[in-house]
Amino acid sequence: MTVQVSRRGLLKGVGAGLAGGSLGALGFGGLQPAMAAAVRPFKLAQMRETRNTCPYCSVACGVILYSLGDRSKNARSSVMHVEGDPDHPINRGTLCPKGSALLDFIHADTRTKYPLHRAPGTSEFKRVSWDFALDRISTLLKEDRDRNFLAKNGDLTVNRWTTTGFLGASATTNETAWLTYKVVRSMGALVFDNQARV
Amino acid sequence: MADYSSLDIRQRSASTETPPEIRRQVEVAKLIDVSKCIGCKACQSACEEWNDLRDDVGVNTGNYQNPHDLTAKTWTLMRFEEYENPQTNHLEWLIRKDGCMHCTEPGCLKACPSPGAIVQYSNGIVDFIEENCIGCGYCVKGCPFNIPRISQTDHKAYKCTLCSDRVAVGQAPACAKACPTGSIMFGTKQAMIDQAQTRVEDLKSRGFEHAGLYDPAGVGGTHVMYVLHHADQPSLYSGLPNDPKISPLVAFWKGGAKVFGLAAMGFAAVAGFFHYVTAGPNEVAPEEEEEAVEMAEAKRRQNGGGEVRPH
Amino acid sequence: MTIHTDIRDGETRPLHQDKGGAPEVLYVPRYTGLQRVNHWITAILFTLLTLSGLAMFSPYLFSLTGLFGGGQATRAIHPWFGVALAVSFVFLFIRFWKLNIPNKDDVEWSKRIGDVVTNREDRLPELGKYNAGQKMVFWGQTALITVMLISGLMIWNTYFGGLTTIETQRWALLAHSLAAVIAIAIIVVHIYAGIWVRGTGRAMVRGTVTGGWAYRHHRKWFRQMAGGTVRKGSVDKRGS
Amino acid sequence: MTNLWMDIKHADVITVMGGNAAEAHPCGFKWVVEAKAHNNAKLIVVDPRFTRTASVADLYCPIRQGTDIAFLSGVAKYLLDNDKLQHRYVSAYTNAGYVVREGYDFQEGLFAGYDADKRDYDKTTWDYEIGPDGYAVVDETMQHPRCVMQLLKKHVAIYTPEMVEKICGSPKETFLKVCEMMATTAAPDRTMASLYALGWTHHSKGSQNIRSMCIVQTLLGNIGMLGGGMQALRGHSNIQGLTDIGLMSNLIPGYLNIPVEKEPDYASYIAKRQFKPLRPGQTSYWQNYNKFFISFQKAMWGDKAQKENDWAYDYLPKLDVPTYDVMRGFELAKQGKMTGYVIQGFNPLLSFPNRAKMTEAFSKMKFIVVMDPLKTETARFWENHGEYNPVDPTQIQTEVFELPTTLFVEEEGSLSNSSRWLQWHWQAQEAPGECRSDIEIMSEIHLRMKEKYRKHGGAFPDPIVNLTWNYAVADSPTPSELARELNGYTVAPTTDLNGAQVPAGRQVDGFAQLKDDGSTACGCWIYSGCYTEKGNTMARRDNTDPGDKGIAPNWAFAWPANRRVLYNRASCDPDGKPWSEKKKLIEWNGKQWVGFDVPDYGVTVAPDKGVGPFILNQEGVARLWTRGLMRDGPFPTHYEPFESPVQNVAFPKIKGAPAARIFKGDLADLGDAKEFPYAATSYRLTEHFHGWTKHARINAILQPEAFVEISEELAKEKGIAKGAWVRVWSKRGSLKAKAVVTKRIKPLICDGKPVHVVGIPQHWGFMGHTKKGWHPNSLTPVVGDANTETPEFKAWLVNIEPTTPPSDAVA
């Protein structure tokens, strides 16, 4: 008779009611994240600090280079972060948009890593050894100097070489500049300049 | 590891637990003095570097603003506005560092449905805990300053953390540390308010009579504040809200609607139950089955049908 | 011979009786198989939507996300359930909208709602296939599902996040949750009605109702059906 | 900088003109902001564009690029007319009263002695009248018609506010506001700091731009003062150092000169450089020239430099032209007269005017060597990059080397900043790949050549084979070894300042200890004191700052002699009392000069001795009028840029700067206002550093794509939409970029006609992370400043039109 019908209907209703109303209460407490929020660990805690000077403009802001590795035998140092040096009298720890991004400059993927040589008329660089490059360069320099060095102009001693030019880099150190000066001048070169003009 | 114990949390999104009330840290704040800002973007640069974010290299769209808007990977952005002051006829280049304001009453946190995805530390920092973020985007609707951005790669919400990792160990946020002109200051909220007052006086002495501090009460005050030359019209600064507050829609949705909803559903169920125990089931009596059979029989005869088929 | 207890009076009756003494019962077809499948697909989707929706509606129910593999998954799957339900409901609508057009009996029925809830159907007018209550469920869901579909798309961040302003989305979010609340409430009533009015469930499970049920609740409809495809037989052993 | 960065905080008025400090030197600009916040300073910005610096200025005044001299002469006139001078300063510390000899004259824009064919002056008449006592004649009353003060009044007379507006396009009222603000610093206790950089130097009369402000600053008594001075902000991190160490065709470290042909021997060379005082008892510090020169020769060639051989005078090359600067170098290369170029950390293809000429010059050379930590465009001038570098490699026969070098993080050493500080830095990581330091590379080149000359001989090997090379590891000298050479050391027993004996091989304490008897060697006399027996003073890190003067005397080392503010004697009145207690730097305590900074003066020289504060000058005073020391005139004069949208309204006959050098081919390459109506200027943006940061991802994100800036008016006229592509071209070339249409550039009304400015930033090329683009050097003219040969990058002519995007480059 309809007995069973109604009984099953009731059971079904109760089931639906349960599903709708009380699943939340069945307790999925395990899903609740821990109460403590995770703040990112302070990444500089154990990095090595090196004092340096920003290589860009002539304000010469002090920078602190934070690098991986403690200089132990088996660790290779690599700068991981750059920040202003708060002790520096000029920048007092601040850095401009360039200085703040020094990390990307240091690790630029367009950095040169190996000596390259482009032969006349070819359309590509080829990797060469330092020895090849330096020997070839000194040969080219000597050839030209020997050919075009002017010892005398009339009866005036002039000892000048003006057919190969040299450009100094205004971001290199004073020590590099001095060594460059010695090497270039000792050859009697006059076509010698730097970035002071631009 | 720098970590905030639960004791340092003031508010936590979608949480049934009451956050601990015992401990209170000193509130910190970032003060951005727009009148000292030269728009150099050092803050953007430092932010990307410190937080290890690299947005895409975009294009120029006819102004200095790059990237063009906040993104999941750009948590702070210089916004540039060229404004010709009708009073003085002077051109003013209003440059504002945009980013999370770290509200005292954060709309994002109010809107967030995921327990612990957004927390407010007792020092005032509002932080997104991406681990708990479900990417629903409710925070975007909750924020009166249009700050949070949902990443389309991992579908989680991102924004400025006020460098909570640096502040946790007593350091200033990366942007404040870098800022070359000291336009971005960092310290206790009180110290920043005091600092702001001296700046406001200086600006007034230079002819900006409406100079003032932007610390909007509509969101209970913020932990990133601005010194503005034109505090009477914040919207001049690339649409900084004049009177920000959590949208009434969001407020109702998260308040009234929630209560009403649960009540309505509960009522329906309960009402049914009591009706059942009072009125009882509505069932078919055996007589009605028989009357039905007879009615069918009668109908069939009228139609002149044959015998009733056996089952 | 299986002995079985009737839960209404606790009397014990044999479940199987001799064919000879069996009382005659009519069975009236109410829903086709396809209609029943369509209904239950919609019902299941509605349940899933309710569970995943409520999880994101109230922190007290957030743990429901556990049913769907966590918050991210719940957020991701909910809109897809919605789209599926919308499609499924469209078919239901096409099948039943004509039968749900209100008529004057519905007015009368509504007037006598008191008799309805007190099971005094004898005082009600004879009704067609659906009474006003059922029609209200039908049209109510039609409207609410439409609202939820449109507002739902607006706040479906993954695909349509950028298409509307944040202010619009705030409205959408509010509309979506209110519509959901009402829809759920209606369904609760709908389910209860199935429990309260005995013999109803059989319609959506077996597709038929007993003659007595049709005679009692929808006599006008029964009159049309009587003499048609009604069949006589003993008590169905499988019941419903 | 005469002063230093922190010192700016003491200024009462700060003028940024000929520069854009906020954009180019943000961290140094902090001290301007400090002055505003804590010293109630007013900031004046004079610039063709409303720059980032202008965005925080109290007063912005527009000016047409290349007219600074007219503007500043106008200011000088205002000060003179309104008697806004620091009177005691002007009479005691300047040559205002000096009488100029007969024959000196200035007519229609030209000084006496001009030779049109040589484009040069005979400067004999540009000097003082010398009295019977052999000293310059001075009229204390400054009334003598030929005294400098009167000549100055006469010279600036034409630069009325109306004339300034006509020439510069600066509104008269705004100009006068600027004058008034500057004039407030005539008060002895108020100072103005002048901040400038390439905005003044990148002109055919760059040096005279700076001279104009020097005159203003001297009249206001702001030189040598705390919060005053002339602040050359400079460019690269060590551009100061490279200039100090004289990496130029005509220099010897410490601003000594390479001899010219006409000086066949040391006697004739030094005779011209005795620099005897022009007034009684003056210091004229250059009298010590021979000590510095001989010590340099000893540092270069040690024992091979002896009195007998004129200190190896013949080892030095002799100049036949004033300079072999880069522009002459590439001119020669273009003429096929150069064989090769060795380029150290430099990207000349995108640094010098007329890109097309540069490419041609490179293509004509046999070889080039590029030493750089980055893959530069120069090293790839032969590589085809589509529109961006449309060359055919097969047609280029140049042999090219690209040598990888270390970066600042991979080496140690010192850099000299614009405050003249030598700061030491340390290594933080190993060099990637096979990178080597420039020191190692240059050493290798030298050693290999020396070896070849020893073995096979060749042209005049002596200076090469005899070059001092006493390094522990020959092919890798350490920075410390080199720094010790720069500081100077004794090569024979000698005496120190107190006459005490000093054995050979000791570091000297400072340049005062250098001798002309060959007992001392010194690489760069002004750096003497950077690495003494006490150690490396450049590595000092004590930032304590007595009196909060912004001096920090024990931080690193500042040349000369760790002096932080040059001419600081002028911060006191003639009696030795500070002009202002608040701005006290040093003072006379009755026995000697004491204070916060190293006195720029004889420490025990009493004020009543009447010794002038400008001890390097033969006069002992500052020069309002510079005698024959500038090639293009003893007073600054307004000349239009070589490419100018208007004619010179002050001197209509004159085109360009009369004494500026320009080569024939380049003269032919000049365009005129009919064909190229718009005034272009080039500049830097704060998001980038030259061409370097386009290699840094973050900077590429911050400013990804090349653009030009134009006014809304010009955009309307030309139908150019914001952010659309435009083509900009000059007589020499063409480039494409996005258009930034802005209110920050307005047409300037010069002589009644509107002049439109086109601004072209210079950070893009065809290498790196940014979108590919062009450098403005594709358009700029090859003409240099008369005194420094600095190219005229800030003012030339272009035309502009909407265009299509460039077809993407073929890598």
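Lettered A, B, C and D in written order, each chain numbered from 1.
Just so it is clear, a contact is a pair of C-beta atoms (placed from the backbone, for glycine too) under 8 Å apart; a residue touches a chain by one contact, two chains touch by 3 or more.
Remember, it's a predicted structure, so these values are computed and weren't measured experimentally.
Q: Of the other chains, whose C-alpha centre is the longest way from the centre of subunit D?
A: C
Q: Return the chain pair with more inter-chain C-beta contacts, choosing between B-D and B-C.
A: B-C
Q: Could you tell me the distance, in whole angstrom, between the mean C-alpha positions of subunit B and subunit D?
A: A distance of 52 Å separates the two centres.
Q: Roughly how many whole angstrom separate the Cα centroids of subunit B and subunit C?
A: The computed centroid separation for subunit B versus subunit C comes out at 39 Å.
Q: Averaging over Cα atoms per chain, report the distance between subunit A and subunit C in Å.
A: One centre to the other, that is 66 Å.
Q: If you average the CA atoms of subunit C and of subunit D, how many Å lie between those two points?
A: One centre to the other, that is 88 Å.
Q: Send over the residues of subunit B in touch with two or more other chains.
A: Residues 40-42, 44-45, 48-49, 115, 132, 180, 182, 269, 281, 283-284, 286 of subunit B each touch two or more of the other chains.
Q: When you check subunit A against every other chain, which residues touch at least two of them?
A: Counting only residues that touch two or more other chains, subunit A contributes 1-2, 6, 17, 20, 32, 84, 91, 94-101, 103-104.
Q: For subunit D, give me the residues that contact two or more of the other chains.
A: Touching at least two other chains: 26-27, 30, 686-687, 697-699, 702, 769.
Q: What residues on subunit B touch subunit A, complex-wise?
A: Residues of subunit B touching subunit A: 1-6, 9, 12, 17, 40-42, 44-46, 48-50, 115-116, 119, 121, 127, 129, 131-132, 161, 164-166, 168-169, 174, 177-180, 182, 269, 281, 283-284, 286.
Q: So in the complex, which bits of subunit A are touching subunit B?
A: These residues of subunit A touch subunit B: 1-2, 6, 17, 20-21, 32-43, 81-84, 91, 93-101, 103-104.
Q: Flag every residue of subunit D that touches subunit B in the complex, lowest number first.
A: Listed in rising order, the residues are 22-23, 26-27, 29-30, 33-34, 36-37, 40, 50, 52-56, 58, 60, 686-687, 697-707, 721-724, 738-744, 769-771.
Q: What part of subunit A is in contact with subunit D in the complex they form?
A: 48, 50-62, 65, 67, 76-79, 84, 87-92, 94-106, 108, 110-123, 125, 130, 133-142, 144-149, 151, 153, 156-198
Q: Quick one: in the complex, what on subunit B touches subunit C?
A: It comes out as residues 14-16, 113-115, 117, 132-138, 140-141, 146, 150, 152, 155, 247, 249-250, 252-253, 257-258, 260-262, 264-265, 267-269, 272, 275-276, 279-286, 288-293, 295-296, 299-300, 302-303, 305, 308-311.
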